[in-house]
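Here you go, one structure.
Note that the chains take the letters A, B, C, D and E in the order they are written out, and that residue 1 is the start of every chain.
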Amino acid sequence: MSMFQRQIGKQFAILLVLVLIWLAVEFMIRFGILNPFYELNLILIGINIILAVSLNLINGFNGQFSIGHAGFMAVGAYGAAMITLKTQLPLPLALLFGALLAGVFGVLVGIPTLRLRGDYLAIATLGFGEIIRGIIVNIDYIGGAYGLSGIPKIATWSWVFWLTVLTVIIITNFVNSTHGRATISIRENEIAAEAMGINTTKYKVMAFTIGSFFAGLAGGLHAHYFYTIQPNTFNFLKSFDILVMVVLGGQGSITGSIIAAIFLTIISASLQSLAALRLVIYALLLIIIMLFRPQGLMGTKEFSFKMFSKKSKDREEKPHGTAVGQ
Amino acid sequence: MEVFLQQLINGISLGSIYALIALGYTMVYGIVQLINFAHGDVYMVGAYLGFFATAILGWSFLPALVMAMIVCAILGVVIEKLAYKPLRNAPRITALITAIGVSLFLEYGTMLLVTPQVRTFPQVLPEVQWKLLGNLTVSNRQVIILVITIVLMVLLQYIVHKTKIGKAMRAVSYDKQAAQLMGINVNQTISATFAIGSALAAAAGVLVGIYYNAINPLMGIMPGLKAFVAAVLGGIGIIPGAMTGGFLLGIVEAMVSGYGKSLYRDPVAFVILIIILIVKPAGLFGKNVREKV
Amino acid sequence: GGGGETKQAADAKEIIIGGNLELSGAVATFGTAIKNGAQLYFDEVNAAGGVLGKQIKFDVLDNKSDATEATNVATRLITQDKVVAIIGAATTGNTMGYMPVAIDAKIPIITPSGTALEVTVDPNTKKVRDYVFRTCFIDPFQGTAMANFAIKDLKAKTAVLYIDNNSPYSKGLAQFFEESFTKQGGKIVGKEAFVPEDQDFKATLTKIKGLNPDVIYVPAYYEPVGKIVKQGRELGITVPFLGGDGWDSPKLPEIAGAAALNNTYFTNHYSSQQDDPVIKEFVKKYQAKYGQVPDTFAALGYDTAVLLVNAIKNAGDASPEKIKDALAKSKDVQAVTGKLSFDENHNPIKGAVILEMKDGKQAFKTYVKP
Amino acid sequence: MLKVEDIHVYYGAIHAIKGISLEVPQGKIVTLIGANGAGKTTTLNTICGLTKPKSGKIFFEGKDITGVDTQNIVRLGLTQVPEGRRIFANMPVYENLELGAFLNKDKKQVAQDMERVYARFPRLLERKHQLAGSLSGGEQQMLAMGRALMSRPKLLLLDEPSMGLSPILVKEIFSIIKELNEQGTTILLVEQNAKMALSIADKGYVVETGRIVMAGDAQELLESPEVKKAYLGG
Amino acid sequence: MALLSVNNLSISFGGLKAVSDLNLELYKNDLAGLIGPNGAGKTTVFNMLTGVYLPTSGDILLDGKSIVGLKPYQINQRGIARTFQNIRLFSDLTVIDNLKIAFHSHSKYGLLGAICRLPGFYSGEREIHERSMELLRIFNLDHKWDELAKNLPYGEQRRLEIARAMATQPRLLLLDEPAAGMNPQETQDLMNLIRWIRNEFDLTILLIEHDMSLVMGVCEKIYVLDYGQIIALGTPDEIKNNRRVIEAYLGEEAS
């Protein structure tokens, strides 16, 4: 029973900290202490966290090599934006619709492609991302190449913050359950997982669907904060950006994804004045970090303050990332 | 019929370029199991070297081509030593991320050096148009690229499967430690792989630069991606597969543009790719060997 | 408390003008040319003592050719760097992306090359956006002008549209060309598209050849256009190719080859090879500074800077509010692409020329009144 | 022929080999026995350069080979049949054998050696063109042995060659080892099957947690009560 | 009725007939061995029994019902668990997580319960945890519950793999060379463990092994496979003295 109580106590403490962070930022925004540039980047961080954590479920925990995440984000963004533009439904419903639509796409993409392995799966997911974008470009009803503009800016700091928290909680809870273990076992050794009674197809599709759902949610938030969405925003380079966050943070580490999303968003914003040099620096940073921490910033561990205590076991942390290749 | 044949020519000519880039891609992949996303950018660097040699130094075609191949071979080896070699024992996706880093570095490093503007090649390879069967047009450059692609494919296939260095490459690709126990120099073998792959990319860059007559620092992104698709389509790591995949992709794109809607060319090409992969999960030439349990 | 802070900015030693431009990503060429063009003029002004006794600081940030980044950049320019006006973005899409931020903050913006109608006019309310201006043509003007030319001068009856599928500019021009062309009895016999990264256009060109049109309208930027014209001629297409101001670049004949470009026409603000002294002077200065011949984007970037500085001078005060008002009243401002005034929709009133390519040189064909 | 002097090997923070010294005289069979995780494989890997010792020296035929690259050590005539076979699963059987002779430039000799290997392991001849990865465990072990023989080593390191083999094949493998030795190959043999190993060896070392705890004449060890108790199953 | 009955089971790979017309019957509580030369097809039989390979012909009945064509996870859920010749642990996970994964099919809360952390989640997790620890205790691995599986010594990895198979609560346990790489002492312990779990869990066991001390020591009946065919079936004593088996497998003078 004490384990249960300790759990509840810990969760309560986390919740309290979150409420405090939220209130503090909200207060600073209200009173103009935090100017809109910082607010915008906080929101971008939130959206990137959702994207990275959801892709981490697919790539890091399930070990499926997906590089089409931006496609699902696009589905969510367009789905949610269309609801807002064409109907009078409130934001939560629009977001839900976008996310569900992305989830449905996740199932549709997942079932046929997840029998592919490694790089073949990667190219198929990349292909799906590009197909989705190619279709959007060609549908004038949803703005074609122009994209959709005039989407009301109704996704506020509060929405983004709490939906980010919700995403992280749901995915963390999923990962730390028997379903999460089933998901992880597929990454570790698919043959053994099947021999242990785990329906690998089901769990692959499930990870893919949940991942897509949250990518769609991030897309919806994006659309309702940045006024405009364009198909080009969701091209394969965007998928790469998300992938970089996941790997940089550590595949299989949710806190790692969060840290990487924050880090990369800040880096990107602070290099804006450098033009081409900006990407050269970004590129060098990527290479250097990967060379010095091949397992990502966090490996598969989760960040905790206990980490710093001497007692923590120094496990050899050789990471096991996505099963790339045959 | 005539239009169909012309479209077939168009497709093969486009496909031979994809194939040419895909060869290097697939070769590097076959040996080190790394999706070298920077391959498309080495191709771009090759094009710029060719441009530099012909437009600035006034060299003729062949020396320019050779110089670009040599310099890119060295570039490939250096990239491998600095960015990939330290990660040989890391998860493969880590090297993939550094490959993305190298790719961005080459793109924007080049942009810093030469500005983003388009450059055009001087006329180093005079162009001749041939008319076949009445109205079909083929240019000497198309034929040159096609022939070079096929020759290089055969050559590569020969190197990898028939020569000693090729055998070493395959051994290294499977188990580096065991390869060392055979007396194989793993570092040299991998360097050779990157050198050959990058030289091929450079050749493609120069040829394509001359063929289309316009190069820019981001020119490697799309062909790189398409070549990767072509390599996967054929079964990544398999040399004839890369070539077939390249041709197939080129022909599909030409036919969709010619007979369907050009607007849907890329989505349709990807749909076909995915269908092929669902039917043949290891690509056209790949054997879907299940791991022996 | 935005008002108070901008006041401070107005009192500062220098006037900060923001640049929200594509310096990396897919259309880095456009953004970079605009930046160079604008910088050239600002340097001239600063060398001559500045404006209102203050130096101009051109604060350019990279929006990575992405609408989201453009919003991010605009927010930073406005709230961190306290700019009084923003130049950019190069494309309609990115301009539309960040525009709401500027409008909310009441900072005037001028896009040098965002051509779509709805950039300056809200399509829902049909009202002009007070804070948004542009230096370039709008789509209807060029599209209509070229359609008229095709029907009247080239006696074309049928046309094929070949569009850059990722570019609203290209789509906009094509749309108005089509409207005007069909209204005058012409027929669009085919609509095809490409993406700007394409290298090979032969498949589609083969198809277009089979459609046998009198003219082919390719409203796109010079890099793909050069390849299209070249490959089209190789396939034996002899009919005229037509285009818009995106064609204007010394690179075009280099890419396509001079011979291939014969019998092609495009609408433009000016001709970089015209004898006009203003243009000659600009081309000379630009070349001296950057070592390249300026393209349309460079010229538009320069003109955007001209318009802004002129407005600041006329306003007598570098506050965003005043600059906006003065911009709207711009009248006959001498710039590279013509003598510019804004109409009630904040579009520049300037005539167009139709240029013909002859042996790699631009030749003046006709003048089209605004 | 081989002399290992007080080597220490670390895996990160793990001190796997804590000062091992041993000697393999020319023409002899020397065996290394010990429990799981004692450090036998690590010792062999260190000898042939796959892992680098932190301190200590290794001499082969009087030459210091400490820190020399594996491929150069192999050139000197020392090779290993690694633990877990490590055959090239993606290549057919015959190419695996050819790779064993990678350094041998004499084509005729290679062909002869190949014949000899096939004669010794007829099963490999049957499976000549099959991908090595689809061989059964025992077949793979034969292939690994055959591949090592192709390089005509002066000193052969064998890491648990009998693992996973049927009793008849275990005997076969041991008789091959003996035969090879009689033909002049010096052998350093690591075995779990201590009884068999000691019975063919001239000399034995017992390894426990990274240290040599006992050394001596193979026959003596076979009869030593401590060895009997710990490694021979009573 | 036989728990498992295999009728005329065959499989070929390309031209190679790896197993042909195999017949085999196991009754509840049997402890049987499957031996034979390398490459005889033993592992292949296991692979067919567990759905990894689809037989070319023949039938496999579990409790009288055919399981041919079922996916490996379905077969496992029906009560057949196995270990692998080349250890396949979830090597980067902890020892206890390896077991918890195997408890998956028997977990008592759903997706919603997991995501919302309903009370059922906590009780379900506690149950899984306790049962995993119990199994670890049985296999004498409880002191290492928090180690990464790959850091265990080889012998313990083998034991962990058996424990993991047991966690799926099988009726039939297939062990592929469980003593490979173990020293005589460890092998002895393993024998006792196998006997003990058979009795304790009322289990049927079929094992492949080359270590004759183990096979002869624990198995009550032994199938001998050669070139994909059964060449002998009998008690350890019968097998030891069977000429064909000696020729093909044991060699003269079984040591």
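Basically, a contact is a pair of C-beta atoms (placed from the backbone, for glycine too) under 8 Å apart; a residue touches a chain by one contact, two chains touch by 3 or more.
Note that the coordinates shown come from a computational prediction; the quantities given were computed from them, not determined experimentally.
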item	value
Topological distance between chain D and chain E, in contact steps	1
Chain pair that, of all pairs, has the most C-beta pairs in contact	A-B
CA centroid of chain B to CA centroid of chain E, Å	47
Rounded Å distance between chain C and chain D, as computed from the means of their C-alpha atoms	74
CA centroid of chain A to CA centroid of chain B, Å	32
Chain C-chain E separation of Cα centroids, rounded to whole Å	73
Set of chain A residues in contact with two or more other chains	137-138, 191, 276, 278-279, 316, 319-320
Chain B: positions in contact with at least two other chains	108, 111, 116, 263, 266, 289, 293
Set of chain C residues in contact with two or more other chains	24, 26, 28, 32, 165
Touch list for chain A against partner chain B, complex	59, 65, 112-113, 115-117, 119-120, 122-124, 126-128, 130-131, 134-135, 137-138, 191, 236, 240, 243-244, 247-248, 251, 276-280, 282-287, 290-291, 294-296, 319-322, 324-326
Residue ranges of chain E touching chain A (in the complex, touch as defined)	50, 52, 71-73, 76-77, 81-82, 84, 88-93, 97, 100-105, 107, 109, 111, 114-117, 121-122, 124-126, 128, 146, 148, 151, 164-165, 167-168
Parts of chain B lying in touch with chain A, wherever the complex brings them together	29, 33, 35, 83, 86-87, 90-98, 100-105, 107-109, 111-112, 116, 225, 228-229, 232, 236, 263-264, 266-267, 270-271, 273-274, 277-278, 281-283, 289, 291, 293
Contacting residues of chain B [partner chain D, same complex]	164, 167-168, 170-171, 173-175, 177-186, 289, 292
Complex interface listing, chain B residues touching chain C	3, 6-7, 10-11, 13-14, 17, 108, 111, 115-118, 120, 129, 135, 137, 139, 208, 212-214, 216, 218-219, 221-223, 253-255, 257-259, 261-263, 266
